[in-house]
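Heads up: the structure comes next, in structure tokens.
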Amino acid sequence: LAAYVDEFPVETIFLCVVDPGVGGDRTLGVLRSDRRWYVGPDNGLFEPVARRGRDQARWWEITWRPENLSATFHGRDLLAPVAARLACGEPPAGIERPIASIRRPDWPDELHQVIYIDGFGNAMTGIRAAAIPPGARLEVAGRRLDHATTFSEVPFGRAFWYENANGLAEIAVNRGRADDVLGLAAGIAVKIAKV
Amino acid sequence: LAAYVDEFPVETIFLCVVDPGVGGDRTLGVLRSDRRWYVGPDNGLFEPVARRGRDQARWWEITWRPENLSATFHGRDLLAPVAARLACGEPPAGIERPIASIRRPDWPDELHQVIYIDGFGNAMTGIRAAAIPPGARLEVAGRRLDHATTFSEVPFGRAFWYENANGLAEIAVNRGRADDVLGLAAGIAVKIAKV
Amino acid sequence: LAAYVDEFPVETIFLCVVDPGVGGDRTLGVLRSDRRWYVGPDNGLFEPVARRGRDQARWWEITWRPENLSATFHGRDLLAPVAARLACGEPPAGIERPIASIRRPDWPDELHQVIYIDGFGNAMTGIRAAAIPPGARLEVAGRRLDHATTFSEVPFGRAFWYENANGLAEIAVNRGRADDVLGLAAGIAVKIAKV
């Protein structure tokens, strides 16, 4: 999420439904950061946004409840209407709480893991490319991968890492599937090798 | 289809292209039920809609034909233009037939099968949760599954069933894939265990 | 691409991001053919469009560059803004070059391969059905497949080929997955059997 938001205009409203704890005791809320709105659960999803924001983020706990609330789809029944009201110019449907109440100061700045496999088998990591020393290699699944700027720089079938279009380090194989070639899946550790 | 329609406003037009018999001798038509429109094949798709409707449904057989009709994509070439004309306020492009001509009175109210595996591996059944006695367990693939209200109620990795956000019984594993864990696929039988 | 374009109105703008050479030395440009616009890389993607066009196609090499250009997503950073400017009525953001500079006259008219497996397991080929003699069978993966007009003409589980809704020969199994049943994947050879 944090890797994408800077491309969006101010006053964008992000409806963020990554909510495996739906129906449990997590809080739902509205975040205001760098003049953009975020609606979603307080489960850490907003920590990188708040941390990287240039202003001081604010947080409202959603207290409004819809007439019909399903047990397992609060994105549809509760968060979407709250986002829609923001889009209509209404204030957040809740009570402001200290932003510190949702922060995770002990979390690392980068997540040294594969976080997503896309439809082409490329493996996105949680490491911003800017946090990797120039020339450094990445270690994943027992392999050391060199950096390349583009796919077309490397021979067909070779694995490498590159800065993807959102600024994150991503592992790929030119004209191949990195997940198959390297045996990758979300959650696998990625290490920055000593230069 | 029937599980979703009540959430939509009246005068909604549903373009329903589930048409494995395309090009065969099935009839295409327009259903009117509870002030909503449905355009699609007469292959049983509309039976639960007509059965659960609060008013008496009506049916028009589509007689209009486009200039160019492909053999295998009537959804694009024939049904979509008919739906578009309805959206423009025109009447159904066909001849009204008795609604009894498309009804399937011998069909059961619930389908005791897995009907769909979603992208997360959850297995939706054709059984409305309201038709299952409180506390009952579901039997599927040799396993008996307890009910839970939400994912977060059960430990990681445990299989359970719950009422999904459309009112259907659905089989899931908290933070796991029910299809992999239980060996599920569309068509597998699901039984309501005696309480 | 060429199989679809005739269905679109004149002045349609196609944003064509099939760009495995992104960041390499391929040229990006704008094609004008049959009063439609195409924005994308010069990697052969536009050859069938230009070849089948009824008028003489024209080509502009894109010389405009955005302020921020990622290394691996020129579709987003460069081609999309160029297409947006065309949509606003501006001329192509580049310099006109001879159309011959992007043509591939030695390429065949049909590609005798599986080119795409869709979500149902159907295998689209690069052969236009109109280029296959009536009654001819297709050979693929060691099997000879008869022609059928629709799925419903053949028994459940039988493989066949048909003219799909875009005019291409496509290999399918009625109520089954052709990719699984026949062992198909993109790139596999497809031959027109002697009648």
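Order as written gives the chain letters A, B and C; numbering starts at 1 within each chain.
Please note the rule applied: a contact is a pair of C-beta atoms (placed from the backbone, for glycine too) under 8 Å apart; a residue touches a chain by one contact, two chains touch by 3 or more.
Keep in mind the model is a prediction, meaning the values are calculated, not measured.
Colleague: Please decide if copies chain A and chain C contact each other with the same set of residue positions, more than half shared, or with different positions, and reply same or different.
Modeller: Here the answer is different, because the shared fraction of interface numbers falls below one half.
Colleague: Quick check: superposing chain B onto chain C on C-alpha atoms, how many degrees is the rotation, to the nearest 5?
Modeller: So the angle, rounded to a multiple of 5, is 120 degrees.
Colleague: Could you tell me the distance, in whole angstrom, between the mean C-alpha positions of chain A and chain C?
Modeller: For chain A versus chain C, the centre distance works out to 34 Å.
Colleague: Listing for chain C: what residues touch at least two other chains?
Modeller: none
Colleague: Quick one: which bits of chain A touch chain B in the complex? Just the residue numbers, please.
Modeller: Going through chain A, the ones touching chain B are 20-24, 70-73, 76-77.
Colleague: Can you check the complex and tell me which residues of chain C touch chain B?
Modeller: The touching residues are 149-153, 162-165, 174-175.
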